[in-house]
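Order of writing sets the labels: A, B and C. Residues in every chain begin at 1.
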Amino acid sequence: MPEQPADTLREQAIAADAAATGLPVDAGLEVPIAAAEAGTEGVFKKRLGIGAWVAIAWLGLLLLLMVFAPLLPTPGPRERVSGLAFQQPLCSASDCISGHPLGGDTIGRDMTARLVYGARNSLFIGVGAVVVGFLIGGFLGLVAGYYRGRLESYIVGFLDVLLSVPALILALSLAIFLQERVQEIVGSNEMAGRLTLTFALGIVAIPSIGRITRANTLVWAQREFVTAARAQGAKDSRIMFREVLPNVVPAMAAIALLALAVLIIAEAALSILGAGITPPAPTWGNIIVEGFDYLTNGRAPHIVFEASGAIFLTVLAINYLGDAIRERFDVREARL
Amino acid sequence: MGDEARHRLRVLASVAIGLVGLVALIVVAPTGLSVAVVAALIAVAVVVFAGWRRLLQVVVVLVLVTFFVSVLIRLLPGDPTDAILGFSTPEQRADLRTELGLDDNVFSQYWDFLNDFLRGETNYYQSSGQRAEGTPVWDRLGSALPVSLLLMLYAQVIALAISIPLGILTAYRAGSRLDKSVNTGAFALIALPNFVLAYLLIYYLAVQNDFFPTQGYVPFGENATEHFKSLFLPALSLSAGLIAAYMRLLRSDMIQTLQEDFITMARSKGLTTRRILLRHALRPSSFTLLTVAAINLGALVGGVVVIEVIFQLPGIGLLLFQAINAKQYPALQTMIAIIAIVYVLANVVVDVLYSVLDPRIRHARAAG
Amino acid sequence: MSPRRQRKSVTADERFPSAPLDGPLLEVADVKTHFKTARGLVRAVDGVSFSLERGRTLGIVGESGSGKTVLSRSIMGLLPKRNVIREGSVRFEDREISDLSPHEMRQIWGSQMGMVFQDPMTSLNPVMRVGKQITESLLHHLDISKSYADELALALLSSVGIPEPQRRLREYPHQLSGGMRQRVMIAIALACGPKLLFADEPTTALDVTVQAQILDLLQTQQRERFMAMILVTHDLGVVAGRADEIAVMYAGKVVEKAPASVLFTDMKMPYTEALLQSIPKISDKSHTRLRVIGGRPPSLIDPPAGCRFAARCPYVQDKCLDEEPPLLPGSTPGHEFRCWFPVGTPEGRAALERNRAAGIAPPAYEPVIGDGATAPASTTSGGTV
C-alpha cells in the first residue's frame, strides 16, 4: 500500500495521461484468455511500421525546408508582393500570380515563405525549450533518482510546486514578465522574443521531464552494475553520467519528442494569447493570429488553416514517432 | 453509527463545505472578510477529510505560488508603474509604487500583496486627475469566473459523455475493426490542438453555415438556448483532446480489468454482459479516469484561456488577455494567483472522491 | 417484453424441467479446445470424454499445462469466442449446451452450474461488498425480493462456516482472510443451488491448514445438496478420499480414468505411477530426495506423433514414439488407460527392464537415499507444488 496515496495518485495519473497518448493496442494482440496453459504471447513489433516512416518523411522534409530556407525559390518571409494579398492557395484564375502555391497572407507576403520561416522559429523555440527542460529537469531527475533520500524529497517537492500551477498560466506569466528583461539583455527584438519563449516553455517542461527522468533513473540506478562501479571506487558523478545516464537516454528520447510536440502547440497558444513573438517575425502561432479575422469573415481562411495544418501534421508525426520509440524503451512510471 | 457511515458522513460534509466555499468564491463578489471566511471553510474541509499534514502541504504550496506570483512584478525592468499607468504624472506613479510596495523589499511587498489579495482589494489602475485610481479586480472576476467554470464543466461533460461509452465499447471489442478505427481517430484527435479544432468548427459551422454564433456569450439567465449555443462550439473544441485521452485511458484500463479473474467469475454467475461491463468492470477502471480528469484541469485551464480569447467569451481567460494587453500587472498577479489556488484546491477535492470510490485506499488511509 | 422482465417471471426450476433422474447429469464427448495464437494452434484440450452422475465427484488431476483448467472452462463455456475453436459435445441433463447462444448460457451459469475459482483474492470483485456479490447472483436468477435475497445471503455465509456473517456481508474482500474469501466464493457459487459445481484448484492459493477445511466444506455442501462436483487439481492428495472417480490428464488428453480406489491400487499408466510416487510419504526418512519426473510436458502446438508422455516415460519403447495409444479399458469396470506397456503387466515390466539394462531410461523411480543422485535438476514435479 502506498504511504502517500495522493502522491501515487498523481504519479499514476501523469503516467496514465502519458500512456493515453500512446499508440493503439497493436493488431495481433488479441485479448488473451485467462487460462495460462495456452501460453499465448502478443506479437512484439521489432521494426517500425509504415506509419513511422511516413512520420519520419514529413519531419525530414520539414527539416530540409528549414535548413535550406534561404535557397527556396520563394520571396523572403517579409517581402511583400504586390497583388498577392489574400490570394487563395492553388489559385488558377486569371488575376492570380503564379508561383505561390500556398497563397498570400493579409499584406501580400508569400505563405510558403512565411510558413517555412515560421517553422524555423517555432521549432527553434520548441527544441530549445526541450533542451532547457532536459538540462535542468533531466539533471534534477537524475540526481533525485540516484541519490534518493532527503535530496530526492526536496527535488520532488520542488517539482510538485511547479506542477501545481496550470502549465499555460505559468508559461504565460513567465513569458510576459520576462520578456522585457530579456530584451534588455539581448537587444534585438526577434532573438529576445525567441529566447523568452524558450525559457518560459522550458521552465514549464521541467517538472514533467524531471519526474520521468527520476522514474527511469530509479530503475537503472538499482541495478548491480552501479553497485559494482561504486565498489570499484568510482565517483558518484562518474557513475551517474557514465553508467546510469546512457541507459536512461533511450527512454528519454521518446519523452523528448512528445514534449517537443506539446511545446510547439504551447507556443502557438501563447501567440494567440498575445505573449508570443511579435510580428513581422513569423511563427506558426502568430501567422494564425494574423489570419484569424479573415477566417471569421470568410475571406481568407487558408492562412489560419495552413498554419494550423502545419502544426497538426508536425505534432501528429512527432507523436507517432515518440510513441513508437517509447513502446520499445520506456519504463512505466506507475510501477514506482 | 458504523465506521463506514461515519466516514461517509465526514467525506460528504467536507466535500459539501468545499463546494460551498468554491461557489461562494465564484458567485459572491467578495468584500472584506469573505475571502478569509471562504478560505477558512476550505481549510476546515481539508483538515476534516485529509488531515493536518495535507493541509500543511496545501498551505505551503499556496504560499509559494502566491509568493512567486507577487515576485513577478519585480522581474519587470525599469519602473513597472510606467507601463501600468500609461500617461500619468510622476506623483501618481510614486503613489502607485508605494501602494504596490515596490520600494520595499520583496517580503514586505509580498505581505502587502497578501493583505490586498485577501481583502479583495487588488485593483486595476488608471490615472485620472491627481491620483491613480483603482477599480477592484474582484468585481470583474466575480462575473468572469462563472463563465469559465461553466465552459470547463460543459467540456468535461461532453468529453465524458462521448468517451465513456466509446471506451467501454472499444475495450469490449478490443482488436476489432471498430476498435482500430476509433483508436486511429483518437490518436489524430490528440494531435489536434484545441484551437485548430476551434477554427475548423468556427469556419464550417459558424461562418459557412449559420448554426452557431462565431463569437460572444449569452448568459443562461438571458436565453437558455442561445446560452448553450454560444458555449457549444467552445466546449466542443475543449473537449476534443479530453475525449481522446479519456477514451484511450478507459479502454486500456478496462481491457486489463476485463482480463481479471473476478470478471470470469462474474460471467460464471450468469450475469448479463451489460451488467458486467457497467457494474463490475467499469468501477475499478474509473479511478484512473477520475484522476486524469483532475490532472487535466491544468491543461483545461490553459485551454480555457485560449478558447475564451478565440470565441471572445467573457471568462477569466479573456480577462487575463485584456489585462495583458493593458499591461495591468497587479491585476494579472491576482488573477494568476486565483487560478492557481482554485486548481490546487480542486485537486484536493479529487483526492477525496478517489478515496470514496476505492475502498482499498480508504482503509489504507484510515489505518495509516 | 425485454429479456430482463421475462427472466424475472420465471423461476429457475421452471426453465429447466429436470431431466430424468436416472441419466447422467453431464456427458462430455470428445471435447477439443484449440487456441489460435501467433505461434500456431495450441491444442489445449485434445479429445476428452467422460460422464458424471448426479451427486458424484470427478477429480481431474494434471500438472500445469495439462489442459485441466481449460477443460473445465470449456465444459462450462466460459472461454472467449475470438481465436478459440471448440469441438465435441457437452450434454447437460440430456441437453446439448456446447452450441448455445451466450444468452442461453447465461441462464445456465450460476443457476445450473457454478464454478469456484483458484485465487479468491483476484476472483472476487475488490470494490464490491461481499454481500452484494452474493445477492447479485440471487437477484439475477431467482424471482425474489431484495430483503429476501439478503436473508439468503446471510444464511449462505453461515452455511459455509463464516463467523459473524452479518458483519461480513458489508465487508470488502480484502478485509477477509484467505480461507474466508474462499468460503465466500463457495457461497457465491452455491447461491442459486446449481446441480454441478466446478472447483478449479480451490485450495492452491490457501494455507495448508485451511486446505482441508475448505475441501471438507465442499464435500459437505455437495452431500447436502446432492450436487455433482468436478474437482480440478494438480495435487493427487486433494482428490484422494474425496473423489468417486479420478481422471488423469496429460498434454490435453485423459491418460487414465478410474474409480478412485482402483486408481490408487491398480494404476496402469506410468504417468499416474510417477505422480503417486512423487508424493512424499511420512514413512520416508528425513532428507529423502523428492522424486521428480524429469523433463517437461510436450508442446501443445506441435504435439509428438506417438504417446505424449513418451519422452519422460521410463517404460518407453519404440512403439510408444510412433503410435499413440488409444484409451483402452482395464480389468475393472470404469477403468480406462492409455498405454502400450502398462504398469503391473508383463509387457510393462519387461519394457522397464529393457530400458534399465540399456541405461537409456530416464532416472529410475526407486527412492534415492544417500545415493549418488541420478535425478536431473529438472523442476517439474507431479505432486505437491
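Throughout what follows, a residue touches a chain if its C-beta (ideal position, glycine included) is under 8 Å from a C-beta of that chain, and two chains touch if they have at least 3 such contacts.
Given the structure is predicted, the values throughout are model-derived calculations rather than measurements.
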Chain-chain pair with the highest tally of contacting C-beta pairs: A-B
Chain of greatest Cα-centre distance to chain B: C
Distance from chain C to chain A - Cα centre to Cα centre, in angstrom: 55
Whole-Å gap separating chain A and chain B, where each centre is the average of the chain's CA atoms: 23
Shared interface positions of chain A, touching two or more other chains: 30-31, 34
Sites on chain C at which at least two other chains make contact: 73, 82
Multi-chain contact sites of chain B, meaning residues that touch two or more partners: 175, 261, 264, 360
Residues of chain C defined as touching chain B within the complex: 4, 73, 76, 78, 82, 102, 105-111, 113-115, 117-119, 122-128, 136-137, 140-141, 170, 172, 174-175, 185, 188-189
Residues on chain B engaged by chain C in the complex (per definition of touch): 2, 4, 175, 260-262, 264-273, 275, 279-280, 283-284, 357-360, 363
Touch list for chain A against partner chain B, complex: 1-3, 5-6, 9-10, 12-14, 16-17, 19-25, 27, 29-32, 34, 160-161, 163-169, 172-173, 176-178, 180-181, 184, 261, 265-266, 268-269, 272-275, 288, 292, 295-298, 301, 304-305, 308, 311-312, 315-316, 319-320
Footprint of chain A on chain B - complex, ascending: 50, 54, 61, 64-65, 69, 72-73, 75-78, 174-175, 179-180, 183-184, 186-188, 190-193, 195-196, 199-200, 202-203, 206-208, 214-215, 244-246, 248-249, 252-253, 255, 258-259, 261, 264, 288, 291-292, 294-299, 301-303, 305-306, 309-310, 320-321, 324-325, 329, 332, 336, 339-340, 343-344, 347, 351, 354-355, 360-361, 364-365, 368
